[in-house]
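To keep things simple, chains are lettered A, B, C and D as they appear, and every chain counts its residues starting from 1.
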Amino acid sequence: MTQIPDDFGFQADHGTLRQMARRLLAERAPLSRTRELCERGGDDEGHAFDSGLYQDMVGLCWVGLDIDAARGGMGMGALTLSLLLEQMGRVLLPSPFLACSLAARALATVTEPRTAIDDDDEEEDESGEGDDSEPSTLDRIIGGDCIATVALSEPGRGAAGLALDYAHVQTSAAVDGDDTLVLRGEKNHVMWGTEADLVLVPARLRDEQRLGWIAVPLPCEGVEVSPEIGIDPTRRTARLRFDGARLPATALVADADDAERISRELLARGLTMVAAEVCGALEGVLELTATYAKERLQFGKPIGAFQAVKHPIVDVMVDVELARSLAYAAAAAIDAGVDDDEQLQLARMAKVKACEAYHHAAGRGVQLHGGFGFTYDCDVHFHVKRALFARATLGDATLHRRALAAALFDGDTRRAALAVVERGGLTLSM
Amino acid sequence: MTQIPDDFGFQADHGTLRQMARRLLAERAPLSRTRELCERGGDDEGHAFDSGLYQDMVGLCWVGLDIDAARGGMGMGALTLSLLLEQMGRVLLPSPFLACSLAARALATVTEPRTAIDDDDEEEDESGEGDDSEPSTLDRIIGGDCIATVALSEPGRGAAGLALDYAHVQTSAAVDGDDTLVLRGEKNHVMWGTEADLVLVPARLRDEQRLGWIAVPLPCEGVEVSPEIGIDPTRRTARLRFDGARLPATALVADADDAERISRELLARGLTMVAAEVCGALEGVLELTATYAKERLQFGKPIGAFQAVKHPIVDVMVDVELARSLAYAAAAAIDAGVDDDEQLQLARMAKVKACEAYHHAAGRGVQLHGGFGFTYDCDVHFHVKRALFARATLGDATLHRRALAAALFDGDTRRAALAVVERGGLTLSM
Amino acid sequence: MTQDRTEALREFRAELRAWLADNRPEAPSFRLPQSFLEVESDAQFEFLRDWQRRVYDAGYLGFDVPEKYGGQGVDNDKKRITVQEMVRARTPFLVNVIGLHWAGPTILMYGSEAQKQRMLAPLLRGDEIWCQGFSEPEHGSDLASLQTRARPSADGERYHVSGHKVWTTLAHVAKWMILLARTGSEGQGSPAAEKSSAAKYAGLSYFLFPMDAEGVTIQPLVKMTGEGGFNQVIFDEAPMPKDALLGKEGQGWQVAMTTLAFERGAADPAARERGAQLVALFERLASLAARIERDGAAVIDDAVAREKLVALRIEAEALRWSGVRAAVPGLCSERPMVLPLMSKLTISEFNQRVTDLAVELLGAEAQLWLEDAHAIDAAEWPRAYLNSYGFTIGGGTSEIQRNILGERVLGLAKSK
Amino acid sequence: MTQDRTEALREFRAELRAWLADNRPEAPSFRLPQSFLEVESDAQFEFLRDWQRRVYDAGYLGFDVPEKYGGQGVDNDKKRITVQEMVRARTPFLVNVIGLHWAGPTILMYGSEAQKQRMLAPLLRGDEIWCQGFSEPEHGSDLASLQTRARPSADGERYHVSGHKVWTTLAHVAKWMILLARTGSEGQGSPAAEKSSAAKYAGLSYFLFPMDAEGVTIQPLVKMTGEGGFNQVIFDEAPMPKDALLGKEGQGWQVAMTTLAFERGAADPAARERGAQLVALFERLASLAARIERDGAAVIDDAVAREKLVALRIEAEALRWSGVRAAVPGLCSERPMVLPLMSKLTISEFNQRVTDLAVELLGAEAQLWLEDAHAIDAAEWPRAYLNSYGFTIGGGTSEIQRNILGERVLGLAKSK
């Protein structure tokens, strides 16, 4: 049975990479730059994120970091990617990096590369790989030529949001003739949907009772992309309405088992990546609050000397560390190739713990900043908003706790095992 | 529509009575006396409680305080009784007072007094009233000649415990001939069951699909009374096994609607009374902890100067006050005769709030007493144990929260009303 | 209560109810603020001021102010009934909040006859809006250390104010400010004595400061929601007449503590109705849970959501009856002042828990913000959650409230 | 790791597992303590000591002690494997807890050659039990102010100890105590200097005190559960030889901080297995929920109970991986020492939450206590809940732990 190694698979060069990321972001993307991007509505090139920095990250091979070298990536693991995302979370970097990474991962998951369609088709919609003459979509994402994203949720699920499997996806794709797919349905909260050149869409393949993943180039006739006014100003999201959009059959990236595999992998990886990014953001809000507690004087001392300030900050720190352990374990589980179910369980736990801790930490951050914390000038509100956004991304705590409960407590084997857990003295040797 | 009056029906003489109770108990039953009774296993007369004090309380007409004067009581209200119970809770008085009060209330609820059975019956089992020649059971309870109790729960309900209505009571009473009832079943956690001369038992009347309340004198052939080893040393409880116990038909105190009315009234009053007693205990553990925080010095100051001690104590105090408001409101609702459902809702809320607050407060009490708090010599553990006992009495928070949810959120009318609650701006004018 | 009085009150209530039915304003086309902490645009302000004027002109405002000062004469019953009926009719709030609840009662208690004559009527009618100048950037929680100074002029006819106040709600529309400033002479005595508590408190005075004075700069602050509504005020030798002083020189701390007690809702005859407002806030949350779905089922039918909702419902009921009980001294004998002193803490934290749970229940639906067409209830819940920190921080943070309760009510040693 | 080494460890594990299968003791007829805080009767103690002896004699104890001192030679892998297999086999705990985890490592670090030769082997075998004399009745949290004094005799050959230690677990069976006492001369210098922090710390020394000395009175204390297991120890000019000193005179604070770091589980190669123990504790709770019913349905099928259980399951997993991560410096770069420093706080509070939830889920079934025939799991859950306060208080309260974390790790200002 494959296990997570005691060292989580951590290598010295991971530390170097993290250090590099930290320095680069401290210089190019401190929180003040995030604020500037939010307030100006984007960078000088008309992008909602810092497109120059994004291209530099592409140049450093960060996009595609966890994709096999054979497919044009760096062949590094989920843990490495987590360490990078943690640094991005720390400064609340507004960037489509996560969305692109997930899209790249989804495309790389497909084992049978499809052939590209004819070049003279009116739209650019190479979604497969393997054609030497043209760079594949995956190549273009890794190369920074294509901002890609994934459509993870649908409005029909209400508070649950997440729609990645056949049972929950309502968007449908019907086959019209031999080589056309007709897409109908609606997706919401699509990360960077307004900026994306391509979106991967899970849909029910009609009359076939199975799931398919479809690569939709944007803009695209029959696809209405409406920017959402989201709670987190550092993230742009969009609502996508497919109103009979017609796509070539080759846009079908994966179906049936392949499609479910993409969904499962996207979920486990996506949750793990969000957990890592949120751990970084947690570190950010902790640092912000602890620093304020050292500098702000009241009653003649730094407020951090008061236990009513000190202890809540300590509780946040403890939460940060616990969340981080789970986030690293979830990434290490992917890298070690442990059982799929165990990967997913750890990913759910990591995401829930990180997001619950972050929401709490951001709230305490506001409170402990006092009157200043309540102003727009104080950076802490960016964390409050990111926390509200992050915990709703890829399914909220309620959704994941229920899935975990089913995995942990249900099923005959499981129940039987529980029933025979030995009684005897409860021993805690501290 | 009857409403709780703005003054909760509080009168000046209520204050006098409370003051008297406080003084009497401070003198005769301080917590040190409770400890003594627990350690010695009872008083000098062989009772598990202070029987002399109990008789003095009888003499002060406290037992039967809320029973109509026409039936031998004082005709005072539930609020008055609550104020007394609060004082008893403050010193964790080991006393069958609450059990007797509830039994008296149950008997007084029956509108049609039954005639007493023949005097020459071998057992004393007058359960009705109205016979001039002999004191009724109610008279004897009020007069201190009979320690009575009520059987509120059954083992078959597991964690839920409470068994007061037809749907949940499994103990059965079969009619054998014209004038004999045969009782089978089991009751647990019967307060002062080992000390009681009489226990009121709810049972299913077999073949009649309805509930009956049966007065069982103790000891009684066919009734096995086993003392429980309970978690709260200030309370004695027993398990009662009815193994074909034969009782005269007159032992049936109430059946059908009358019986359900007793159950409902016992529940609303019982919860209200437990809430009041627990509020007193809450006050007790608050005082204990706050006093220690003023006296105990560490790092050269009283530990109460540290916010890590001060703020948890303040949170306990706030909880005490909130619980008390609900407890008084629940009692006032009974006295004002508001709608039965509203009475019961308030009683459930009061009991849940008081017990949750108490469990938390007792735990904080131990923690804030430090190493001393963990010893048997420190009184705070009596509160921890009482809290564990009280929150399980008459149904735990889970049971009552669910009942409240059903009352508040379910039913067509209710749901429709909720749906039309006006939206518009959320306004909190502080 | 006499039969006549009871009858009179019943009539009063009926008239008021009829008046409210006719006069309650329609929801405007623009977004209304959730509380006075968010009054931002002129349109919002004028809408709310207009409503206050109409209430006053109709004779339904000022039941805690004698007639000679422009009030309706003190009548707690009528005050309670008006609050009750306004909660019931869900009217907008009365915008001159600081004037009505803090400045007004303080002026009534400490003001000279001239001050009462001058200030109270325009305050009630909303013609003159009030703001509060207590907090300073460096002295939010530690109020007694504030540094704004009011220096008497050589001729003794006026004071000149220099300093910096912050988080002053409504300053941008206010005619008056209740101002706490230092008048004690500094530099005298040893530095140690200057720093001593007694000296700190004794050096403070309480003023009714005219906001249109020269040397006053008002800078709007933007809240975390992106909305305006509060400000910082910078005084540069801003003059005020000597009769701006309320009470005596050096009595400022005492007067300010009275104001803070009013702010914390002490001795409010309408407590029961304010409690009802909390239950109403809960009902709004329950309504949300009845309307939103998770995978096709109403959230209110979800066992876990119900458990959390009921827990808050119990808190609401406890707060509601605490408000009522506060007016029954016989039921507050353990610690008489605790209920009013704790209400700011408990209500603000309850409000935070309600809005926090709302956002939690919204799940994926919580991601949208104001102005998004698909946002549930126009995103008022996340907005209210963010705004909830205004209440747990403003007017003394929850942390400071807990200190006050521990020290003044329980007699625990000072934490400072 | 070489192929040979891997193979050797595999064999070691197989042998150990076989040995445990043969030698794991049957549950005795009497109640076993839940932790070393509850060892009360001779029968309990002898049962546990016998188990420790058998483990030692079989060669499975002492993988952190060199062979020349009676250990197995330092071998972290074998230590980890033994803990792992013992958790797996659910063996009783090794009763000389203070000796094995606190005194032993401290002696290894600070002891003279003679001390190491003398003390370690009987400690490992359980022949000599250790207790800890740090806390005093008036100085629980404020350790540096302790008042027990060790006065050197005129001839310099011994010290005489006078004072009062409290909450000393196992003192009644202990041969040795790790004792923190004041050797600094009092009365010299000004009282202010005597009170200064530096003087307080510098005056402390660390001793290996023989419990059979004259002038030692051991009084059992009863815990809130009614069980014994800890004591107070009163010293009345109790003599000890001069070589009882560990480290140097005046170095006591430093040595004690090392002990406390061991106590808090710093640098424990078996961290992963201890983490597995927490998951196992959770499984016991889940098993309870699968066995108890509420109105005929298993509690584990109740949506609300599941929500609470899962939340704790996530905590268990987080604690488990934190233990593993602590041994990977590259993944602890933000604040290297935090994981060991926080483990006492987090594990003790986790334990409290688990046992608290167990009692909550038991509902009406929680009313019964030890010895009642109908009590579920023989009332071990309420007992464990009560005992959980031993861990959140003993060895530095959670409040003190938070101070330490805030000050030492985050660099916040001191709270004292």
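Basically, contacts are C-beta pairs under 8 Å (C-beta built on N, C-alpha and C of every residue); 3 or more make two chains touch, one makes a residue touch a chain.
Just so we're clear, the structure is a prediction, and the values are computed from it rather than from any experiment.
The chain pair C-D and the chain pair A-D differ in C-beta contact count, and the higher one is A-D. Centroid analysis (C-alpha atoms only) places B farthest from chain A. Distance from the chain C centre to the chain D centre is 52 Å, each centre being the mean of its Cα atoms.
Averaging C-alpha coordinates per chain places the centre of chain B 42 Å away from that of chain D. Of all residues in chain A, those touching 2 or more other chains are 306-309, 311, listed in ascending order. Multi-chain contact residues of chain D (touching two or more other chains): 304, 307, 399, 402-403, 415.
Taken in their complex, chain B has these residues touching chain A: 306-308, 311.
The touching residues of chain B, when paired with chain C in their complex, are 4, 6-8, 10-12, 14-15, 18, 283, 290, 293-294, 301-302, 304-307, 309-311, 313-315, 317-318, 321-326, 328-329, 346, 349, 352-353, 401-402, 404-405, 408-409, 415, 418-430. Chain D makes touch with chain C in their complex at residues 302-304, 307.
Those residues of chain D that touch chain B in the complex are listed here as 135, 137-142, 145, 166-167, 221-224, 226, 292-296, 299, 304, 356, 359-372, 374-375, 379, 382, 385-386, 389-390, 392-394, 397-399, 402-403, 415-416.
For chain C in complex with chain B, the touching residues are 27, 31-36, 90, 92-93, 97, 263, 265, 272, 274, 277, 281, 283-284, 286-287, 289-291, 300, 306-307, 309-311, 313-315, 317-319, 321-322, 324-325, 327-328, 330-331, 333-335, 338-339, 342, 344-348, 351, 355, 377, 380-381, 384, 391, 395, 399, 402-403, 405-407, 409-415.
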